Each structure stands twice: as structure tokens, then as C-alpha cells.
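See below for the structure under consideration.
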Amino acid sequence: MVMKYRIFIILGMILQIFISSEYLPKSDAFAYQDTLDKIKSRGVITWGFDAEGGAPYVFHDPAHPAKLIGFEVEIVEAIARELGVKVQFFQNAWDSILLSLRRGDFDIALNGIEITPERVQTALFTRPYYAYTEQIVARASDNRINRLEDLHGKKVGTLYNTEAKRLLEEMGDVAVSIYSGQVEPFKDLSLNRIDAVLVDLPIAAYYAMPNPQLRMVGSPVGEGYYGIALRKEDTALAEELNKITEKLLRTGELKRIYSRWGLWNVAQEKLFFHEGLLQQYTESPPSVSETMPVGVTRFLPTLFKGALVTIGISLLSMMLAVTLGLLLAIMRLYGNKWFQMISTAYIEIYRGTPLLIQLYILYYGMPNIGVSLSAFAAAILGLGMNYAAYEAEIYRAGIQAIHKGQTEAALSLGMSRRLTLKRVILPQALRIAIPPMTNDFIALFKDSSLVSVIAITELTKSYGILAAASMDFFKLGIITALLYFGMSYPLSRYARKWEKKLTSHDRNL
Amino acid sequence: MIEICNLLKEYGRQPLFKGLNLNISKGSVVAIIGPSGSGKSTLLRCMNGLEAFQRGCVSVEGHKLYGVLERDYNKGQESIIIKNIRRKVGMVFQQFHLFPHMSVLHNITTAPIHVLGIQRAEAETDAISLLRKVHLEEKAQKYPGQLSGGEQQRVAIARALAMKPEAILFDEPTSSLDPEMIEEVLQVIKGLVLEGMTTVIATHEMAFARDVSTHVVFLDKGEIVEQGSPKAIFSNPQNDRMKAFLSRFMK
Amino acid sequence: MVMKYRIFIILGMILQIFISSEYLPKSDAFAYQDTLDKIKSRGVITWGFDAEGGAPYVFHDPAHPAKLIGFEVEIVEAIARELGVKVQFFQNAWDSILLSLRRGDFDIALNGIEITPERVQTALFTRPYYAYTEQIVARASDNRINRLEDLHGKKVGTLYNTEAKRLLEEMGDVAVSIYSGQVEPFKDLSLNRIDAVLVDLPIAAYYAMPNPQLRMVGSPVGEGYYGIALRKEDTALAEELNKITEKLLRTGELKRIYSRWGLWNVAQEKLFFHEGLLQQYTESPPSVSETMPVGVTRFLPTLFKGALVTIGISLLSMMLAVTLGLLLAIMRLYGNKWFQMISTAYIEIYRGTPLLIQLYILYYGMPNIGVSLSAFAAAILGLGMNYAAYEAEIYRAGIQAIHKGQTEAALSLGMSRRLTLKRVILPQALRIAIPPMTNDFIALFKDSSLVSVIAITELTKSYGILAAASMDFFKLGIITALLYFGMSYPLSRYARKWEKKLTSHDRNL
Amino acid sequence: MIEICNLLKEYGRQPLFKGLNLNISKGSVVAIIGPSGSGKSTLLRCMNGLEAFQRGCVSVEGHKLYGVLERDYNKGQESIIIKNIRRKVGMVFQQFHLFPHMSVLHNITTAPIHVLGIQRAEAETDAISLLRKVHLEEKAQKYPGQLSGGEQQRVAIARALAMKPEAILFDEPTSSLDPEMIEEVLQVIKGLVLEGMTTVIATHEMAFARDVSTHVVFLDKGEIVEQGSPKAIFSNPQNDRMKAFLSRFMK
């Protein structure tokens, strides 16, 4: 959940690797001649998965928390049985599962990993073991949504790095909310924050079906396959696993597993005939895009999109901070005793307590008193209200630096306090306040990455998603860092120009 | 038009005015003279609601401002009274206090446009003719920082006049002016008087006080030591303190 | 490693729990009547450990990364064999291993967990399976250190939450550096940053023995026991495991395992007679300190110590930031073209790049060019240099707000530029700069928690350590949040007083 | 002592001085008079290195400051020259520019203590006697914000005198002073002259210029139109512009 510094920790670690070779992985996958042989000789197959990803794939049995259950557990156990080996469980964050696979942390990755052209470039996939479809979930009370087409113009939640996300984005005019956890989209759907959720059928089946407030809409849409990911060189293992999958299909064991979990549907029949389709992924694209530059530039649009969100949130929350901060500063300076107390208390509390708590209360606490904010609104409100406390003090300093004679002269001309402030004091105070305001604005760009806790995909989160998908942590990290710098630098240039303009004819009377 | 009764003003525990009374009738030109630190500026500031005072009252055409320790003092009403007073009484400061971020023209037109609601074009025409009066029409687009001291002084006068007050308080309006300009300002003020404007001038320029005023007040250590027509005061001062003060002017 | 927001995430989660009950753990350990029965009926014992903790306990075989090895793996496998069940591996962060045990994520926690009075209050321990001792490691070239007593007045590294740390702290005049990773203390030892390392023998044996630059000093000191942690109610399981341990001891299997890992020593003989000792922990203290208030207040000194470190680091780095920032501001305002360029570039780069990267370069990068900073120095330098960029802009704004006439008057009196700045401009600029400076200082308190990445135990890290040890996340979290507020509030009060003092007789000429 | 040769000074593209020459000999008291905006303040600022100029030079006892476009202009040396000039030439500003964060005493003693290295006690004794000269001994512990305009003016004069310069430039030193104080300042300046102090005074007070100066310079639109002894200038002005300017004073 703490996305804020992830990019920088990773960059830091890369740096460390460059600096001291002692941090290099002590061995790498290429040391193996044949993983299949190793598995057999060890009598153990190591399986990488992320139990945090949750039901119904792999998860801790709510009744017996120590035990992992899920349809994928059953599949892996069946495979292990066929191989004549035991399963060793290897918990790994889903984001970096293919990266760990490549490092050699485990033999197979099997955890609802959709076979996509990108992934096919970094991992070897077996034949699919499940044909997933995407399921729309809407509120039971909402009868506007009955087909995929009805999602046009709606707010739809989905999970990151999924085909459902891609599907929604291709539709163009859908407002997509991307979540990291599987519980939150359904929670936000009940809270009216989004209109529908589109996720892989297994997730919908597990989380939405039992909830009477929600309903599964129409027939599943889209289609794709889950495959077992292996290291590229493990072709022998792939062959063996393909054979085993074929066998589990033919004997009906897979069908039994899926049926038990409510996941069997006609789409699965395709598993018998999928081969041409898989080939399409595994053989043609690598020749085109295996070279890295293409890979990285292809991700740029997504990074830019993340950067735009960062900029958007930062701009809007800064606008709020500026307005509210000004109000607070005026209350402190010119208000009566009560206004002064309120303003001072606001400033002390919002400066003294951490932003993250403020965001949590706003997003998850407010619905309890009947105010349900969208993630975007909560992000802007949270950041804006926090920074307002800082801005208030900056304005106060600026206003107090203006010669009292200025106020007196304006008042003696019959101007009201409001007019004096607006026309005489603030324009002069602004010049003094610009540099510290710029400081805060630049800090805000970095702080805004905190809002990824409430399902907003801004720059840092985009980086995390792409880095996990492409496994090019280093180049993407550099690009992301440059994007951040690219936001703050023009801002600081512009602020200086503005400041200069305000100073130009002002010999400071 | 302006009435000051029993004004008591203290800085900290040091009393400046200890019950000062002054009556300024409509259309009169009152010159306040006296040594430095005698309270001339403070008296003007009290008349315009810029300086709070402890006791007594200042009344401008019925708008009565009480000292904060008076029984009749009313905090809620205060700002309304002050506002009304300021609409009637303009002020030119000893240190000008022009708005440094506005051009000369903008300095003059801001208040008329936003307070009186005059059209911009009209306000600018008025401003230009005021600038012409003070010989600064070619500096209209300059900023205060680009003006000499005397030029700033004149802009400040034009700015106050632009509000068309019924009375105007000048705090040493001629201190940065050269003799020619003093003559001009004298003419301007005389013109204002003809239009019925009440004028109060704190000044060190005895000749100016003598030439322009209809009434002279001599202030010393916060007390009115002597007052009367300029002729009486300058040609025949009664008080010894006053005589000493005027000696240099007289010789 | 990202400690910065850990406390707040946890607080946030607690908040969430209070707000919506749907986040409550779906089941808890008390649902079990008997874990032993469950293990037997499932045929699986789930073992919680942290492979990141590393060698030689449980770690990924460098030669075959997919495989977990270590002496504890062998012990658990032996236990499982005796129980007639299979082992299910459950990777869990070491910090929260007892917390997860209590939640029911796994059946046993066995991972170099020292039996301590605190832990005995939250978990049930089996009889010890290993008697650990503490080993001093020094540089081979350093002959000053030969006994524990020689550590007085030295800088000694150790791991957090260990008995070795407690031992060092009891010695009084030892400067203790606390690390989270097992590699870093030895690295810093080679880099001359610390004089010695005191850690559990297994760690020293694995990491220091093969390094020719380091040497094991004298005979091991101190003593304690590793035990298997169970949920409090699993007394039947404890009995069974005690029996098995006894058997493994008697048959010599344990000795064989330890010998293979170079861990056998005479101290292990005590395992046969330890029982009285264990009782001492398990029976007497709980009656005294099981009540929570005692528990929380007992941790206060450590929290206060962390708060002191936070205050110390913040104060010192703010002092640096103030000085350097002033220098930068003066360079920008009065310097020639080159100074202006340098200052501007410094400000843009230090504002535009993340603090964490700056810290990493300073601490891990600088030794490569021969400059090896202590963690404390690196922390202060890193924070100070980062904040200096922000302060510089604040001062510039303050200085520029002062009437040019002031400078001219001072210069015309024959004052030099330096004197003018010092006596005339800065005192006036300061008043304007105080509010934004206060803003930054308060933000610095929070940002200073980032330095925990370089082995400094400040407030947030202290919280993390204590919360993991006591498992009282909520109360400790509230206390920690109050401590942070308690730092920023007096600061902001004092700043206002100071500001007022500077304003008092200044009618703003 | 102060020599100005061929001074060319432009604001933007607008020339103010177009080759001005002026020679101020040691011990003389030069009054610069002229209409507002004629360049009096700017001329004084040029003499003290506060205003850069394009061409010509200002030389104070051999310390020669060149215009930035001159061949002899030397950026590296400039600050040293200016420093030397300022040690010899003090200045009192039209707008005082007292240091608001220091008490009156502190305002006066700071430069002597830190620039001249005088002991604090001695500097304070000196300051008190200077304050006595300008009748402000009882305001020594006040802050500038608590003083009237005239009081501030006098503190500024005391502050400049405390540096014991060889020459002193006054920019309208009497503009905020009452007639009595003008007399006092006149005495102070006359005393300085007796001590051999060279004095340059930009002023609008013709009587003051006449009474105090040994040489009068009439400036108009940046040009020296006429100069000479006060007697010659005031009793028998040659130039028409000058005659017009003096007419009010004469009448």
C-alpha cells in the first residue's frame, strides 16, 4: 500500500547494485540446465503465488487460517501429484511475481496470470488452464446496466494489470477506477462511488455473488486465458506441464475443480482447442518487440497518463490549498477571537498530524456519516486541506510584511477592508509568498503519490504497475524520476518569472 | 464640520492629548502648526479613524466616534461610523504611502472605481485632469518607484482629491515640494476651498500656513496653546512658546 | 524498509477497523479447539518464518534459489516427520511473525525467536531447541577488542529486537547501531563505521567466518534460547512438540543438524537441563505484567528515546539546512553569475529529486569514493542538504521583501555588504521567514523517519519495533502520534512567540 | 573634494544628466536647489555610489568612480572605490530609512561600533551627545516606529553624523522639520562647517539654502542652469527659469 517511495527504494537498490557487486543475486536461473530434472530429483516443485491476491485463486481458509485453499491450490496439487513431487509454497507479491520467477525464486508461477503479449516476452507460458471471462457487477438496485455497452459514460472499477482494465480503456468513454485490492471495488460500488465493477469472473463469483446488494450483469464478456508462467528456458518443463494439463482436462479433473468453485462455464470448452491461439502470442510478437527500446517507449503513454493524474491532482489540490489557506490566513489576521482560534487550531492540527490519516478518515470514515466522496474528490480534498494549513502561514507572513501605511492609505481612501486586502495588500504579499509557495507545490508533487492508497493511479503507481509488468525497473525508474523533475522544474521556472514580473517596477516603497 | 471634544490619547502610559477640543467649521482652512512631536500627525489620524483614542469624541457631520473608554463607545458600530467619516474626510500622508504595484494612474483611479463605482473611463479622465493640476500628466504610466520624492507627494495629493471628499487632511503636504510646487498646491487648495472643501493642514511652512489658512492652531506637547486667524497669530502671537517658535519665521 | 508511513498505515487500518467491521479478521485462533488435532487431520503443519531474515536459519539456497534451506528447515522437517505430516511453508515478515501466529496464519513460528519475558506474554513457547550465545565480531586488523568488556566506549552494531542489543544497552557506555538486515552490520564493520558487531552466534558463524577481513573475538558471551512459538491455547501441541524435541535431542539428530551447520557447541548441552530456566519465564512474569497499562508504560522509555533521536536529527539537520540555505540564498542574491548558477542548480536538483535517493547516495555511494559517513552524519547531512534547498528560497523571499532603502542607508553608513546583511537585512527578513520556516521544520519531523533506512532507530522505527514486540499497535500508535504532535506544537508556539517579539516595536517603517 | 565630470545618467532611454560637471571644494557648503524631479536626489546618490551612471566620473579625494560605459570602468575595483568614498561621504535620506528593528540609540551606534571599531560605551556617549544636539535625548530607547516624522528625520541626521564623515550629503534635511528645528539643524550644520566638514544639501527651503550655504547650484531637468554664491544667486538671478522659480521666495 505504501507506494510513495517504492520507486525510490527500487532506484536506491539499483544504485546499490551498481555500487557494490556484493548485492548481485548470488545465482541466476541460467545456472539450471533443466528445471524439470531438478524438480524430480528434489521431489519438490516450488510454486509462486500471492495469497494477498485472494479468493478464489489462492487464499487462507477463513475457517482454518493456517491453510491455503483456492482452485489454484487444487490445480497445483494435482499437477504435483502427476509429477510425483511435493509442493513447496512460495508467497510472493503479485506485482513482482514474474520478476521473482526469473530470479529463480520458484519453479512455476500460477496465480491468475493472464497470457498477454507483454508477459509472453518475459516468461514462457504453458497451455492455458482456465479460460477466464470478464464479469460486470452492478448494484442490485441499479437497472441501467445490462450489457457491456451500458458502461459507456459510467464509472467502472477494476483491478490493475488486468485484461478487464484494458477492455474498459478501449471503450474510450468509461471512467475507470483502478484498485489494488479485490474488496475495495465492491465496497465502493455499494457506496455508490462507482456504477459497476468489471473483473475476471472468478473474482466476481466469489465476492459479488453472496452480496445481496450487488448483482452479476448479463453474460460474461471478453475472454482470455490463465497460463502457468515458467522461465523462458524451461521448455522441457513446459512440455511436461502441457501434457499434464491435457490429461487433467481429458479426465475431467479440472472440470470438477472448477465446478466445485462455481467457475465452470461453456467458455472452458475452448481449453481443448486453444492451441492456435496460444501460438499467436508465443511465436510472432517476440521477434518484433524483444528489443528493449520498443518495450520502454511503448510504456511511455501509460507513464504520461500517470503523470497527468499527478499533475491534475496536484494542481487541483494546490488550488484548494491556496484558496482555503488564504481564508485561514485572513481569519487569523483580521477575524475576531473565535475565528482566530478556529484558524489556529486548524493549522496546528492539520500540520501536526500525518496526511495519510487525514486521507483515510476522508475516504473511509466519511461514508459512515453519510458523505461518500469519490476517490478523486477525497484525494484533492485531503491534499488540499492538508496543504492549506501550510499555505495559511505563508500568506500570513507575506501579508504581515507589507507596510502598515499601505493599509492606512487604502482605508483613508474609503476602501473597505476586503477591497484593501484584494487590491492593495494581497498583490504585494503575493510576491513575498511565491518562493515558499513554490517550495510547497514541488513537495506536493511528491506527496500526491500518497493518494494511491485510495485507488488512484498516479505516476508512482503507474511506474509500479509497469515495472512489474515489464520488469524493466531501472529504465522506467529513471524515466519516472525525470518525469517528476520535469514537473517541478518548469513550475519553479514559471514561479520565478512571475515573481520577477511582480518585482519589475517595484522599487519597494 | 469636524468637532473634537475632550480628546484624550495616550501612548502606553504617556499621555499625548489631555483633553483637547477643536472645532473645524465647514469650508474653513485650518492650519495646524507646532514643533515636531507636538502631535499634529496624531491629531489628523484621530480625525480619520486611523488612531484609536482613550476618551473624548471626534464627530464628523454627526458621525460620532467615541474613545474606547467612553460609556458611549460601541464596538459594533465603530467600523460603520469610521467608514462614514472616511467617505467625507480624505487624507494625504506625510510619507505618501503610494501603492508600489500600481501605476500612477491606477493609484489614483482604484478607489473612485471600486468605492464610488465610477466608470473606468470617467475615473481616468478625472485622474488625468488632477495629474495636470499637479504637473504630472506625463508620469501617468510610471510606477511610484520611478518618481522623485516631490512627484510622489503630488501623486498622493491627486489620489486623495480623486475621492472628492468634503474635507481633506494634509499631513505636511509641502514638505517634499519645491517653492513653485508649493505655490501650485496653494492654488489647488484655494480652488478646493472655493468649491467648499473643508481643509486641515499640518505644516511646518509658516508662509504656507499664513497664505492658505482661515484659522491657525498652534499645538505644543499635545495642547492647543493658541489659535486664531492667521493674521492675528502671525502678526501678534500672545503666547511665549508661540513667540519663540515663530521667531525664526518672523525675522 | 519503508518505515516512514508504517505507523500511519497501521493507524489508518485500525481506524478502518473501527469504522467498518467488515475488515475484522474473518476468523480467529480461538475458533480452534485443538491445533494439534487439526494438524494431524489435515496432514500438514504450517510453519511461519521469514526467509529474508536469512542464513543460516531459513534462506533460499544460493545454488538453487527455489529451495529453502537452513538448519531450521531441517528441524521443522524432522518435527513434521515425527508428527507424520507434511510441512507447509508460510513466509511472513519477521516483525509481525507473532502477530500473524496469533491471527492463525500458521501453526508454529520457528525462526530464531528468542524466548523473552515479553514474548512469553503473547505466545506459548516450547522447550528450547537451541541455546544461542552472542558472538563478538571485530576487524581482523583491530586488536583492541578481545572480550566483551573491550566494547565499552566503542561503536557496536547489532540487530534490532535481539538479546544482543539488550546486552549492549545494559553495558551503558556502548554506542549501539541497530540494523534490520544481517549483511549491513558486517559491511559497516569493514567500512570502519563501527568497531564491532555483536550478534547471535549462528549469524556470526555464517556471515563473518568466511570473511578474512573479520574475526570472531574470544568465546561467545551471554546466553539464551530459541523456542518454537505457538498460540497460547495450543498446550496440547506444545506438549507434543516438547516430546519431539526431547526425542531429537536424545537421538542426537539435533546435534547432527547443528554440527552440519557449524553451530554445535558445549552450550547446547544445557538443552537437556533447561527446564527450570524456561519455567522462570513462562510462569512468574505474566502475573505481574499481563495487565496492559504496565505493558504500555514499560515501553515509554524506548519510545521517548526514539523521539529524542527524531528531535536530535531534526534539530541538527535543521541547523544545517538553515546555515546552508542562507549561504545559498546569499549566493543567489548577491553572488556573481557563477555563484548564482551553482546555487540555482543546487536548489532545483535538491528540491526536484527525492530525499531517499539522496540518502542512499550519501550513505552507500560515498564510501566508494573514500568518504565513509556514520549513519548519524549521513542522516543529518542528507536531511540538511535537502531542506537547505527549500530554506534558501524562503530566505530569498524574506530578504527581497525588505525595503531597498534599508540596504542603501546601511551602505551609505560605510557598512560592508556582509555587515549590512547581518545587522540590518537578516534580522528584518527573519521575521518574514519564520512562518514558512516553521512549516518546514514541522514537515522535517515527519520526513526524518526516512533515515531509518540507514540503521537509525528514531521514533517511527522505535514504534515499529515495539509494536511488533508487544503487539499493541493501537495504543502505541496513539502514543507515537501524540509524540509527533508534541514535537510540532511547542515548536510552532515558540516560533510564534519569537515572531511576535520581532514584530513588537516594528511599526513597519 | 568632490568632483563630478561629464556625468551622464539615463533611466531606461530617458536621459537625466547629459554631461554634468560640478566641483565641490573642501569645507564648502553647497546647496542644490531646483524644481521637483530635476535630479537633486539622483545627483546625491551618484556622489555616494548608490546609483550607477553610464558615463563620466565622480571623484572623492582621488577615489575615482567611472560610469559603467567608460573605458576606465573597472568592475573589480568598483566596490573598493565605493567603499572608500562612503567612508568619507555620509548621507541623510529624504525618507530617513531608519532601521526599524533597532532602538534609536542602536540605530546611531551600530555603524561606528562595527565599521569604525569604536567601543560601545564610547559610541553611546557620542550618540547621546548627538541626540542632545537634535533634541531627542529622551527618545534614545524608543524605536523608529514610535517617532513622529520630524523626530525620525533628526535621528537620521544624528546617525549620519555619528560616522564622522569628511563630507555629508543631505537630501532635504528640513522637509519634516518645524521652523525651530530648522534653525537647530542650521546651527548643527554651521558647527560642522566650522569643523571643516564639506556639506551638500538638496533642499526646497530657499531661506535655509541662503542662510547655510557657501555655494548654490540650481538644477533644472538634470542640468545646472546657474550656480554661484547664495548672495549672487538669490539677490540677482540671471537665468529666466531661475527667476521664475525664485519668484515666490522673493515676494
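Letters A, B, C and D name the chains as they come in the text, with residue numbers starting at 1 for each one.
By definition in this document, contacts are C-beta pairs under 8 Å (C-beta built on N, C-alpha and C of every residue); 3 or more make two chains touch, one makes a residue touch a chain.
Nothing here was measured: the structure is a model prediction, and the numbers come from that model.
Mean C-alpha positions place chain A and chain B at a centre distance of 67 Å. Chain C has its Cα centroid 28 Å from the Cα centroid of chain A.
In chain D, the residues that touch at least two other chains are 95, 146.
Contacts with at least two other chains are made by residues 403, 405, 507-509 of chain A.
Arrangement of the chains shown, judged by which pairs touch: one closed cycle in which each chain has exactly two touching partners. Per the contact rule defined earlier, chains pair up in contact as A-B, A-C, B-D, C-D.
Looking at the complex, you find that chain D touches chain B at residues 11, 33-37, 40-42, 94-95, 146-151, 153-154, 171-172, 175-183, 204, 206, 244-246, 248-249. Partner chain B is touched in their complex by these residues of chain A: 403, 405-406, 408-416, 419, 423-424, 427-428, 502, 505-509. Remark: chain D residues 48-50, 83, 86-87, 90-91, 93, 95-101, 110-111, 114-116, 143-146, 152, 159-160, 163 touch chain C in the complex. Residue ranges of chain C in contact with chain A, taken from their complex: 1-2, 4-6, 8-9, 11-12, 15-16, 19-20, 22, 25-27, 29, 31-32, 38, 42, 44, 46, 60, 62-68, 86, 88-91, 103-107, 183, 187, 347-348, 351-354, 356-357, 360-361, 364-365, 368, 390, 393-394, 396-398, 400-405, 431-436, 438-440, 442-443, 446, 450, 453, 481, 484-485, 488-489, 492, 503, 507-509.
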